[in-house]
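Presented sequentially are two complexes of subunit A, the first with subunit B as partner and the second with subunit C.
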Partner chain A sequence: MGDLFAILTRNFDSFSAGFLTTCRLVFVSFAIAMAVGTLIGGLRAAPSKALNRIGAIYVEFFRNIPLLVLIYIVYDGLARGGLRLSAFVAGTLCLGLYTAAYVAESIRSGVFAVGKGQFDAALSLGFTQGETLRKIVLPQAIRTVIPPLGNLTIAMIKNSAILGGSLLAINDLLLNGRLIANNNARYVQTFFWAAVGYLILTGAATIAVRVLEKRLVIKR
Partner chain B sequence: MLGNKNWRVLLALLAVVAMLGAACGGDDADTDAGGSEGGDEIEHEEFEEGSTMAKIVEKGEVTIGVKFDVPPFGFENPQSGEVEGFDVDMGKYIAEHLGVEPKFVEAISDNRIPFLQDGTVDIILSTMTITTDREAEIDFAGPYFIANGRILVPEDSDIAGIEDLTGKKVCTAIGSTYESTLKEQAPEADLKTVEAYSDCLTLIQNGQVDAVSTDNVILTGMIIQSGEDFPLKLVGDNLTTEPYGVGLPNKTDDMREFVNGVLQDSFDDGTWQSIYDEWVGQFVEGEPEHPEDFTLDDALKLFPCSEFCDKK
Partner chain C sequence: MGYLVDPENWKWITSGSNLKFILEGFLVNIEIALIAMVFALIFGLLLALARLSNNKVVSFIAGAWIDVWRNLPLLFILLGFALALPGALFQAWEELVGKSVPIAFQSGRIVAALLGLVIYNSAVMAEIMRAGIVSLERGQGEAAAALGLPYWKSMRLVVLPQGLRRMVPATVSQLITLNKDTTLISIVAIREVLKHTKTVVNANPFLGDFVKAPPLQAYLFVGLLFVLVNLALSRLSQRLEIKQRQATGTKVESITGIEDQVAAPA
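After this line comes the complex of A and B, so read on.
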């Protein structure tokens, strides 16, 4: 594996630019996924059947469609219909809304993990349905939900690589890696460093999950 | 009766034997599916033992990497499911001279060199420009075709040349020479690199990019594919000269010599011209340069060593 360090030093600008773009993609998608996911999760956990169904439609749609197909629909299909989104917006929208479906389901199961006693006690104390959810149930649900959300975040970081390789042509870590690999004919060496970059991000997510778990755990 | 445990061992052994049998038995059935049509007009030589050509003949087929989405060089005909084009016909001619059947696999700009290096393919005929950087990794025979870089835009576009690309989005393929060409000649352009030229066509049709830049013949193929629904046009002067080479595994001088000989035969016996007329002549205006006058060294000079260029 000659040139392992040379490939990094000679192309550091490109690697770091790609890494930073991947960070931006991940942060924005994460924000969308958490915001929308919590909202849909709330719909799915609400007592009203109508709200449940709306949430279910969202989840079924985004869970059953491959991310790449979603990208084609949003970036290509909409553009042909007249709505031209920038690659970054289309990419983060797709990744965020897609991950949100999984976030919603995690939150829903987290809410149901909270004992029914909590709901009953809150309602009998005079909290409304909405207040119960927001002030009593969700805070407890979040504790259960941190590890699966951590997994989803890691999956999302890896899925961000799909954005770079696709029609979107976003210059993220993977795309810049492919360009470097081709221009220098050093394939293994380049993808080694690309993998390191993704590992840094997933590693950070893992550490964040552990820290949060420690802080929120109920002492038994 | 054998105990429970022994039955399982016996079953496992039978399974292994069956799998080995299937793996070994397969070889005889597949070779020589359909003899060569039209009889053997080409006399193919007996190759020296141990030479690259002899190894290919032993395999019974030559695996050729071509594009599957780039008319008129290599593209899958949707009706027949067969791949066809200029590169494909040149590949068939080389296979005839080897005396084996050609097997075509898809090789995009991004993976064609790795395919050659790991043995997935024996030959690359994939609209590949000869560059010194690539010559360090693989061997080139040829050139077998001279293309020129151009710019493709929608018919109603204001872009008239390379200068107008400032601030515009331009699409090309990962692993093609145009990434660096465009960086040099249009540094203010916003470059979008995608996996395949078919993606570039999608992007220019839906308006997400303003232009596509690559070899004129590939662009012409896109104009044909786009047809009346999305009229496109070529603009500007020739950006570059792109001599296409036949990609061969590194350091196989015997194969390089052989293929160069085959190419010369194709120039001499008119095959090259008829393949050209069928696939390219009708679509491209004017006469591009004939590859016969272009030597490998001429081609290498056009794209000199840039980054990691081991002079092995």
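After this line comes the complex of A and C, so read on.
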């Protein structure tokens, strides 16, 4: 155990490169998840049975399939079907589309959580439809949606490790930690520092969610 | 799209022992999910009680333990155990069970896999159970104390039965996540459904009479197996949640950092 700190300093470049790659994966997947999730959440809340149905099929498929199986389908399956994606694109696409199903569900419940009375009251006060949506409904919906979206971000940070550990072999914190450990055969010490890296990310996200929650959320 | 639905590309399902082999692998995943869940429930309850303990030291240690494990990626925990645990432990398991258990459980790495799944999920379950117990009105525990019940009796007879019942839907949701997570143990070389599918895709002649399957269709088929089983579980969870809300008038508490807990319908 004496070499615990030596292992961090000697491999600092590799650790930090992996850490930054994990951040990049999370950042890009988050953008995909938010964009697709908002769209699907909109379909789920739209006043059309057919659109609801499409949204529901998306959500049920991507929420119930294991992320690793999705990666096999998109990376291995599509490549031999003729569509070859880079590991980074395939990985962020899978993680993004997977998380989008959960984003859609929380956005839908956020929109429905704003009572119909709010809408009616705003209209009767002379707000136009657009103003009602922009000034009354959306601000409230966004606030109720923040804690679940924060949860999803934390879950996504954890799920990003699957991209490095799978056949994609993206050099994230997990894979770089594994490579360092293979070189020095100090598994416990090396994994300790990789764990610290992940806890920094999930811990920071947890604190950020708590702060936002305190400042913005309306209790229902 | 043509490639995907072309019946030629789906013929592999009925050829050779393809389908049987994949389903056998899928059964391993279900078995491992159930075994891990049983242990996670037991240790999760102990951890939750320790965290809620009046003893500050016990409560702090349990809290730190729970927060560390549930904030690490599960795959990271699995790989860490598979690589860092002493090999003698794995050998001891292999000698202990020999050929008396199904083939997936004969490898010593199953110890690392099950240990990782149980440690991670017991931390998650502890958090779920704690939320259930804390959501119970204070009056319940106080009333039990006023009636003269000692701490453990009031826990066992009054607080736990009500608090835990509230968390049944969340527990079923976690079982869905756990079921999906069992595919990760293929990365520590346990012969479960993904390994079996890879064998079929490559038509490995040493492991059975297989007909080469196109990977897109094969992995999609495995994905649909999971969707089917998990869909049934999530319907069950929803129904339990509705029933519970009618019975107690309470909402399920959301728990930080778990993807499946956010989906409570409004």
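Operating definition for what follows: the second predicted complex is superposed on the first by the 195 of 220 C-alpha atoms of A that agree within 3 Å, B and C clash if a C-alpha of one lies under 4 Å from a C-alpha of the other, contacts with A are read in each partner's own complex, and residues count from 1 in each chain.
Simple rule for what comes next: a residue touches a chain if its C-beta (ideal position, glycine included) is under 8 Å from a C-beta of that chain, and two chains touch if they have at least 3 such contacts.
Keep in mind it's a predicted model, so treat the numbers as computed, not measured.
Visitor: Is the arrangement of subunit B and subunit C around the shared subunit A a clash or a fit after superposition?
Guide: clash
Visitor: Contacts for A:Thr38 in the overlay, against subunit B (first) and subunit C (second): which applies, first, second, both or neither?
Guide: Once the two structures are laid over each other on A, A:Thr38 reaches no partner at all.
Visitor: Using the superposition on chain A described above, determine whether A:Asn183 touches subunit B (first), subunit C (second), both, or neither.
Guide: After superposition on chain A, A:Asn183 lies in contact with subunit B alone.
Visitor: Given the touch rule stated above, what does A:Thr202 touch, subunit B (first), subunit C (second), both, or neither?
Guide: After superposition on chain A, A:Thr202 lies in contact with subunit C alone.
Visitor: Which holds for A:Gly165: it touches subunit B only (first), subunit C only (second), both, or neither?
Guide: The answer is both, since A:Gly165 touches subunit B and subunit C.
Visitor: Under the stated touch criterion, name the partner, subunit B or subunit C, that contacts more residues in subunit A.
Guide: Here the partner covering more residues of subunit A is C.
Visitor: Touch test for A:Ser109: subunit B only (first), subunit C only (second), both, or neither?
Guide: So A:Ser109 only meets subunit C here.
Visitor: By the touch definition at the top of the document, which applies to A:Gln118: first (subunit B), second (subunit C), both, or neither?
Guide: A:Gln118 contacts neither subunit B nor subunit C.
Visitor: Answer with first, second, both or neither: which of subunit B and subunit C does A:Asp76 touch in the superposed model?
Guide: both
Visitor: Touch check for A:Asn52: first (subunit B), second (subunit C), both, or neither?
Guide: A:Asn52 sits against neither subunit B nor subunit C.
Visitor: Once the structures are lined up on chain A, find the stretch of subunit B hitting subunit C; candidates are 20-28, 38-46, 92-100 or 110-118.
Guide: Among 20-28, 38-46, 92-100 or 110-118, only one stretch of subunit B overlaps subunit C, namely 110-118.
Visitor: Find the residues of subunit A that appear in the contact set with subunit B and again in the contact set with subunit C.
Guide: After superposing on chain A, subunit A residues 76, 80, 165-166, 178, 187 contact both subunit B and subunit C.
Visitor: Which residues of subunit B touch subunit A once you look at their complex with the stated criterion?
Guide: 109-110, 113-114, 133-134, 136-137, 171, 174-175, 179-180, 192-195, 199, 202-203, 205-208, 306-308
Visitor: Quick one: which bits of subunit C touch subunit A in the complex? Just the residue numbers, please.
Guide: Its residues touching subunit A are 3-4, 68, 71-76, 79-80, 83-84, 176, 180-184, 186-187, 194, 197, 214-220, 222-223, 226-227, 230-231, 234, 254-266.
Visitor: Quick check: in the complex, which residue numbers of subunit A touch subunit C?
Guide: Residues 60-61, 63-70, 72-73, 76-78, 80-82, 99, 102, 105-106, 108-110, 112-113, 147-148, 150-152, 154-155, 157-162, 165-166, 174, 177-178, 181, 187-188, 191, 194-195, 198-199, 202-203, 206, 209.
Visitor: Going by the contact rule set out above, which residues of subunit A touch subunit B in the complex?
Guide: Within the complex, subunit A touches subunit B at residues 3, 6-7, 10, 75-76, 79-80, 84, 87, 165-167, 169, 175, 178-179, 182-187.
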